[in-house]
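Following this message is one structure expressed as structure tokens.
So that you can tell them apart, the chains are marked A, B and C in the order they are listed, and the count of residues begins at 1 in each.
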């Protein structure tokens, strides 16, 4: 479909309407791993409209965290990046000095482990108001007042007391709420949430997710929500992108992701999860193991070795993104397989009866 | 089917690659990862070890026989470094002194590392009261500076290398135990140790066959650094006259004997002995610090 | 010795105190021979403490543990005793990255356990190692690799093989699939079901993941703050939860069409972290 070369990403990778908040175009990132230069992201294109929540789902090595880091200008030293990232039309990579600081107050990051990102010897209040005081020049009293207000928004009512506490005095769930409140204090336009609830109990997760969703809508913020949990992303994101081996393999509106997936990997991922409402005779496991970007070959479909629908053409050349029904898929058979993926691999092709070996 | 990138455990088959080990974790591999400074230090240590082993054979002239008529004579043909205070060839004395100068520290390192490792493992394994008692006991010994203990030991048992060596070993043990205890506690709390306990593997076996081997990078790094310290301490003790007794050749003794020469315009004997000590100690320190940095990863 | 006909594990009135903190409070349950029980709970529920008491890594403050008909209420006193108990109950931990000795290959780890429990000639040991690696789906290259060269899922397979090498009657899986990718988790869950069919081993699955619990277990108990708040057949507990906590747990699980609902928990609900 779309030829190789410098063509812009397909229209449906971009949301409808003008005035994009964030545009990532053909991002490729290489890192030095044990002395060898390896690709961790390959040709990633993504766009987020103002106020839109986009989910980014993938397993280990898919590159989802690296994408967030690239957007947040937090790539490790020695990383080589190609492609462009534009925020409100401005090239992010070219920012420096006060422009970069302003960018950082506009793009807030929420990480998976709040304890790893807080200084244990400083009080919560110090930590929360730091960006306000140093980057935006807000006086300390005013900054503290705003912090208490924001804590109330995330459901922490005794904010003044909490400001005086240290991180170790708060549970994981509370601390993550503090992180969300901190992120929102600088009135960002875009939230990058990297597995913010993975380390939390499931009941705490539900509460924190609800808070995040509510506040995001209220403040009309854009969000990139990164997770390994397909259902979780679909719950609060308007569109969801699925990554595999450092590439985007599908972008779809969340409502359609389960009922009508466009890529065999998405369908397989959804199908591999056990169902809480019934015991399956056998789970539909995907053979093999998730590939990292640097292991994936350039001359064929990265998922082909594990795909139940792979045919000869899939092994001959790397597939491009194709548009389909308001979504995007990196599968050359997407049109043919359309509508049959959700029912499971048996629906499209006869199942091969092979004993399951360990991931290769 | 395309497969994953080369896995780290697929080592090559040449002897060089085997020493490099899988993922660069064999002997040569670890050495290489210490960088040029580490490799240079290792070379110096290799030379010093060679001298320690073959020193007495390599000495061109008799290192012990005095000839006062030749005292303080400078470098001449065949005597590259001249003569010392008693007319002995300096180069021969340096080479002959290498064994005792290196052997003493070796004994100190072996004794203190063994004792320290055992105490650290015992404290980490049993935790609780046993750990508290061992740690307190070690803290008390730790309060005594090594040289002081050595002086005490020689006063009681007579001057000579054995007494000084044992005293220093006792002095170093608490330090070793303290450094290794942290690493031992960390290994002890790993899930695989619990799994081995549930299997019914005996505690000594878990400690010696699983925990200690996993601490080996740290142990080797620590031993290397301590060799340098032991060398300085033993040289100082010999300098004070409490260690190796003259006329036995020893670098510390040589500094002591020849120190008068520095003021009188004949610095070479004392200086060369001092340089030998410094160079070897620095080499051990540098290599040890590099290994420690690697072990920390 | 006659085979005990009763449950493979029976726990009565189990209690564990750490000073003032009661981590486990009057917990009782039993696992029938060949059965599969889930202990469901979140952090602070005491589920891991219960598991550690069953395998003898913690000493109960009170209560009884009867495993394979023998009283195991107190931790073993000698290595020989621990070895005996190791043939009754084994455990697979959550973290694949620390549950294997980094210096041992899978073959060496399995060999060590086999030689611990049996006085077999080398050839027989090798055969048994090959049987075990085959049972958990590891190929030759993987069996000879050190953990560094293996993925998380492969490491868990080694950990499972090592636990099975002792031929236990009961295998405790302490969040053993929680750290694995979804696609790998499915493989390991299938593997665990196959092993249960092939060897008749009983399971206790400790998990916070209700879907995994549904897939692998027949019965379940739900723990909260050290106490059992609900028990019954897994299907019944998950489809028709009776206790409010279980209902809340069930309602918090993301699934297609799920939306998180704010319940106004001000954080007083959550305990201060330990």
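The rule we apply is simple: contacts are C-beta pairs under 8 Å (C-beta built on N, C-alpha and C of every residue); 3 or more make two chains touch, one makes a residue touch a chain.
Please read these numbers as outputs of a predicted model, since none were measured by experiment.
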Could you compare the number of C-beta pairs in contact for A-C with that for B-C and name the larger? A-C
By Cα centroid distance, the chain farthest from chain A is B
Taking the mean of the CA coordinates per chain, how far is chain A from chain B in Å? 52
Chain A to chain C, mean C-alpha position gap in Å, rounds to 32
Any idea how many Å lie between the Cα centroids of chain B and chain C? 47
Which positions of chain B touch chain C when the two form their complex? 7-9, 22-23, 190-192, 194-203, 210, 213-214
Considering only the defined contacts, which chain C positions touch chain B in the complex? 55-57, 76, 79-86, 89-91, 93-95, 98-103, 112-113, 116-117, 144-146, 148-149, 159, 162-163, 166
What part of chain A is in contact with chain C in the complex they form? 59-60, 155-157, 168-174, 177, 201-207, 209-211, 213-214, 228-232, 234-236, 258-259, 268-269, 272-280, 282-287, 289-290, 356-359
In the complex, chain C residues that touch chain A: 42-43, 136-139, 142, 151-154, 157, 181-187, 189-191, 193, 208-212, 214-215, 235, 238-239, 248-256, 258-267, 270-273
